[in-house]
Amino acid sequence: MKFDKDGNVTTFEKKKMELYHELSLQARDLRFQHLTSITARNNNIIIRMEALKAVVTPNSLLVLDFRGLGLERWLVMELAPQLNGDHGALATHSLPFEFRALEAILQHRVNTLQARLNEVHPVILDILESLVDPKLLSADRSKLHILLQNSKNLSELETDIKVFKDSLLKILDEEEMIEELCVTKWTDPRVFEESSLGIDHAEEMELLLENYFMQAEELGNTTRELKGLIDDSESVIFINLDSHRNVMMRLNLQLTMGTFSLSLFGLMGVAFGMNLESTFEEDPKVFWLVTGFMFLGSGLIWRRLLSFLGRHLEPTVPPQIPTVWKRNQVNSKGGEVKSGLRG
Amino acid sequence: MKFDKDGNVTTFEKKKMELYHELSLQARDLRFQHLTSITARNNNIIIRMEALKAVVTPNSLLVLDFRGLGLERWLVMELAPQLNGDHGALATHSLPFEFRALEAILQHRVNTLQARLNEVHPVILDILESLVDPKLLSADRSKLHILLQNSKNLSELETDIKVFKDSLLKILDEEEMIEELCVTKWTDPRVFEESSLGIDHAEEMELLLENYFMQAEELGNTTRELKGLIDDSESVIFINLDSHRNVMMRLNLQLTMGTFSLSLFGLMGVAFGMNLESTFEEDPKVFWLVTGFMFLGSGLIWRRLLSFLGRHLEPTVPPQIPTVWKRNQVNSKGGEVKSGLRG
Amino acid sequence: MKFDKDGNVTTFEKKKMELYHELSLQARDLRFQHLTSITARNNNIIIRMEALKAVVTPNSLLVLDFRGLGLERWLVMELAPQLNGDHGALATHSLPFEFRALEAILQHRVNTLQARLNEVHPVILDILESLVDPKLLSADRSKLHILLQNSKNLSELETDIKVFKDSLLKILDEEEMIEELCVTKWTDPRVFEESSLGIDHAEEMELLLENYFMQAEELGNTTRELKGLIDDSESVIFINLDSHRNVMMRLNLQLTMGTFSLSLFGLMGVAFGMNLESTFEEDPKVFWLVTGFMFLGSGLIWRRLLSFLGRHLEPTVPPQIPTVWKRNQVNSKGGEVKSGLRG
Amino acid sequence: MKFDKDGNVTTFEKKKMELYHELSLQARDLRFQHLTSITARNNNIIIRMEALKAVVTPNSLLVLDFRGLGLERWLVMELAPQLNGDHGALATHSLPFEFRALEAILQHRVNTLQARLNEVHPVILDILESLVDPKLLSADRSKLHILLQNSKNLSELETDIKVFKDSLLKILDEEEMIEELCVTKWTDPRVFEESSLGIDHAEEMELLLENYFMQAEELGNTTRELKGLIDDSESVIFINLDSHRNVMMRLNLQLTMGTFSLSLFGLMGVAFGMNLESTFEEDPKVFWLVTGFMFLGSGLIWRRLLSFLGRHLEPTVPPQIPTVWKRNQVNSKGGEVKSGLRG
Amino acid sequence: MKFDKDGNVTTFEKKKMELYHELSLQARDLRFQHLTSITARNNNIIIRMEALKAVVTPNSLLVLDFRGLGLERWLVMELAPQLNGDHGALATHSLPFEFRALEAILQHRVNTLQARLNEVHPVILDILESLVDPKLLSADRSKLHILLQNSKNLSELETDIKVFKDSLLKILDEEEMIEELCVTKWTDPRVFEESSLGIDHAEEMELLLENYFMQAEELGNTTRELKGLIDDSESVIFINLDSHRNVMMRLNLQLTMGTFSLSLFGLMGVAFGMNLESTFEEDPKVFWLVTGFMFLGSGLIWRRLLSFLGRHLEPTVPPQIPTVWKRNQVNSKGGEVKSGLRG
């Protein structure tokens, strides 16, 4: 169940014990307890990147347990040419094998993370854009559900990027671990001297790792920005919803005022509608008088109430406050930022 | 009240003073003031992991005060075989005794933390899933109560993981503390040389501690993700509740408009219902006229108000704004993320 | 106004200048500019812990300005026995005097902080528990006021713990400062050699300081957890209040619907109540017909509106979304966390 | 436009070039590009603290461009005596001139920051206290405006404190920069030896800088606490407003219920008020029957609705939940915190 | 497609391979994989700042791919004179060429960042000022949209500043990288000795980089303050909207109370309006009695309800609570901050 690569690809199966023996590793070394790790043991580099488990020896790359993980296509189509050095995209084809192998695997890992980000990023932007749309009175709740899932995925992606960065950083922080990763240097001095025409292997390795560290950092930055955008958008959604509510409430209040006025003067009509003698029954002018008073009174009271509401919602702030803000800001920031406040 | 283990288990009780003497420790060393600590004193490793207090000597493991803590089962069923090296799951059976003992205890600690996380994790996911359900008009308040308790437990678990990580990190940061933990090296040079066929004890100890540090880190990552998920879900719950409210408010407003219209024209009916002479009493067409006017007028005014509401809630945003967003994003992110904004 | 302690307590007053001279310190050294500081000067340890100002010399402890601070009881009742070494609770009675003095003071400081936390902690838990009670429609505003005060106290406590930790950490980070604190070592080599039978003073001092650092850290952890609990509870309170409001709003809306229906068909009754001829006046069946129509129509329209509301608040989410969540989670977390989602 | 000080004050104007020459500095050194910086160049200390630009030479302090900044009073009234060593408040009068100058300037800076904090602090406390007042139904919006301005000032103050702390920390972290600041040591060995009777200049300088660093830290702590208090108060304000709203909503709902009941049974009255024959017209008992039924029915239905509302808002939580909380807390915290939960 | 500069500007096109050969660089070195990087390779400094790609050799500056980026104007108008040393604004004209080139590029980068901040800063302040205006009942939703876009831009700007700072910090942290950047020192010892009359090149380089690092830090501080201001303003907006809503709700409730009272007593009128015999029909006094009772009763009940509401919203807090707050604060802060609480 292993898969060997030097120039050409060979697939074979081996017992674990034989493999340990062949690589002079201990059982423990191949247990892959952590989801992401890069370690050097006895001139082999043992790598695990989530599903992908690999051992890099000075002249071959063993990928373990590769079946059923959706990696076959990548292994056959892309990994082999990259290791051969045919593929122009790799910068290390003049360097020993372990560089090519390590670069291919790290590149694969970064590509996977980037692909996950690319999947989540436009979906979140799309949803946020439709959610902050000021036309909407209420948030579309199915979109919120999808947003929640995507922001969950984003958190997981963020953790994975962090773990990847941490495992690279751990190596970058210790000079000797970088040295250990340059396995050719220790096993094959002849190749070492030949290939390193004025090139320091450890330094090259550091550059290679740093390169992928910075790529991961950029992914992390994008992720963080996206999280910030989600937070900001949520605030905007809340303000939007609250604003809508306030507008509706004012309308509601205005209508309640109208209904109240109508009830008040309607009461007068009801009073005259009672089967009780009011001595006005026979005077035709009284009908028009009372009816007119009812409608006019309602209208006047309503208008009164509306203007009362208008005054009630007005500010109690003295007008010089915006000026204070402006002056204050000019003072404290000095001439650095020419803030064009027109306020 | 102690419990000795070398190959076979012996349980016996001893006075504290005798124990101090036997281990050549001072009273202070066995006071266990902190909930989580690992220290080396006079070739003994003194460990406390919450309830579990243990002393590792070069060839035995003393567990103190083990009764009444629910630890008996673990001690008898699992610890003994692990220390014997029978248990295949431990990677250190070719190493001196203190490695086996330390690994068993740390493994127990990590398992305990993992078990606590496993208990809290599905409960929280379950509750969150039912709370963000967009079908719900109001949050189930008993579920909120349970969520609060679980998030409290999660915080405590987070602190415990942090404390565990810190105590491991403190050792990992100081080379000499790691050296001190390799007690066999100092007490039994013969065994040391025998067992260490090309293996550096201090390095093995570092690997062992680092292994558990990373396991704790993974637990910590999961905890942090879970906390983030709770936060995100709460935002979604708020937006959900707010949206529901806005929808209800609009309906309420629409009905208030209807009621207002009806009151307005009902007033006319009330006017004609008054026991006052309006000179129209005898004309049968007037009845139908006024009645029709009442119903039609109500309907028209209501429709008018509804369309006014519709216009009031419409956006005042010029249509090119989505385009601005899109352009802006394409500019600043370059070709990195192909954001499929359809807006 | 000073207070000397060696084996027995003596209280006396001295001029500042004499004191400087006696201790060969400079005026500046006893200015105590910071609220919390521990410094060594000329074989004296100068300590300030908020109100408590003390100078530790190799064989005496001077407490300055101790009156009127509520410290008298502690000084007389507890400090003297601790310094005499009678008190069994101190681990340092076999060590020189400055250890006993320093430990007594640090212990006092930690006890003070712990006491402040113990005062605030149950009050906050109590209030939070009564505030998150789902029975409550509105938060008790006087409890909120008390909560705010307590959370203010908690912040101040947090700062004090942080300052205490920082001042210990500053010493722990510099080996030579620890050495300077072991004043006996420098002033009294005879006592030093006598007391240090195989014990390294600096190491003992480091252990002592580390011990109190970790105690402060535990206090800090509890404080942080408590703050987190307050935040979580506030979210729960908000969701609670929002939920209550939504429930009330739905009821309100349902009743508004009822009122609207009644108004609509009441209009018909009002119409027939007008003093206008409708030609139906004499037909007794019409009365029952119209009355029945009014009540039935109101009921039907109301029912219609309620079912419309029911549909309006229903989700528009396709049913497979919970499944997506579950699958997604199983994928990304692998077998680590067996999340018992019941779908 | 310069201003010299040694024992007596002299004010004179000089060309920039002459100044450079005199101090053997380069043009660049006096450009003061950063708002806060302390650097040593050719035995001069160049300091900028926002508006204040100064050069400290071994025996004079030059303050540049001091006009129009509101600094004149401070310069004349306070700086001169401090530099003369007359002023008792300075601890460094037995030390060389640069100590006195540096201390005076740093003290001025800390005083300025403290003054700004003192200005903002009581205003914010005042406003917060009046805003969290549970009596208030709505927040006073002009106070919110003032709060916002003050919290803006607080942020700026926080940044300035941070920048001040960072610039001190940068010097404290590098031993050689501290050495460079002791200009007398390098320029005037005679004075140096004379003044330093057993005093290490670099150490004194470190103490001086550390002192101001800790003062700035205390300011920073107060600022952070104040920000936390603002956040907590905002939460309390929100809960207050929400609670008020819920209470009002319940009242509103109760009245809507009443109105609904009255409408429902009023419909019956309207029905009998129609000009239609109901055959009951002549029976005087029917009037009292129907009227009584209307009022009683309204009352009963309303009571029914109110009790329904009461039940609707009741909790669905089983009573053992508070117990769970309590037990849980006791378990996890052990005996450390005796939380007096009364369940 | 390249562009050479020494004293005069020459534009020419070259194949990549020739360029590599000429500069003795490898293909990989000129791939510019990261958006922001400064590296030294074989006595060339390779710089990328977003769109700008440049190679600094000891005596020329090559700008690659400069077309179509909007940089032409800057290159021709500003860069050339700066490199010639004519431009008085640069402090490094007495230093070797690479200093001038590096300073020009870093200055350009900082200017670009500053320009982006200057663009976003006043817009955000403007919008925030108009949004927190207490006069407004609802937030202007188109302004929210613009705010969201600007805060998105701000996040991106923050990331770019952080990346710029990190890349400078990485160099500042490693002494040898600074040494490598002083390319003249290694290639042209004669020029080196000539130009460095007592000036240490590495130190000058460190000062130059530090200068731009601090400028970037100031930009970062402004950005962070702006983000904080947005957050604070959002809280204020929420409190504003909530307050408005509460005020409107109280008015609404008061009117609902009025409507309820009118309905209650209107029911009496409706009762008397029924075509049923009540035996009072003929008594003219009864009309006035009932009508008066209706209006007076409505008024009284309404007044009753209003005063009930008034009592309901009153605080249940005992009056000494403000005092507690004040005392508490005075205790904990001591005399440091004289908080002018007027209670």
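By written order: A, B, C, D and E. Residues from 1 in each chain.
Keep in mind that, in the parts below, a residue touches a chain if its C-beta (ideal position, glycine included) is under 8 Å from a C-beta of that chain, and two chains touch if they have at least 3 such contacts.
This is a predicted model, so every value here is computed, not measured.
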| item | value |
| --- | --- |
| Shortest walk length in steps over touching chains, chain A through to chain E | 1 |
| Same or different contact residues where chain E meets its copy chain D, judged by the half mark | different |
| Angle of rotation relating chain B to chain D [CA atoms, steps of 5 degrees] | 145 |
| Chain A-chain B separation of Cα centroids, rounded to whole Å | 19 |
| Centroid spacing, where centroids are CA-atom means, of chain B and chain E in whole angstrom | 31 |
| Shared-contact residues (touching 2 or more other chains) in chain B | 134, 141-142, 145, 152, 156, 218, 238, 242, 244-245, 247, 249, 252, 256, 259, 263, 266, 270, 273-275, 278, 315-317, 325, 329 |
| Sites on chain A touched by chain E in the complex | 91, 132, 134, 211, 214-215, 218, 221, 224-225, 228-229, 232-233, 235-236, 238-240, 242-247, 249-250, 252-253, 256-257, 259-260, 263-264, 266-267, 270-271, 273-279, 305, 309, 312-317, 322, 325, 329, 333, 336-343 |
| Residue ranges of chain C in contact with chain D within the complex | 27-28, 31, 33-35, 37, 117-118, 121-122, 125-126, 129, 133-135, 137-139, 141-142, 144-145, 147-148, 151-152, 155-156, 159, 162-163, 218, 222, 234, 237-238, 241-242, 244-245, 247-249, 251-252, 255-256, 258-259, 262-263, 265-266, 269-270, 272-275, 278, 280-284, 286-288, 290-291, 294-295, 298 |
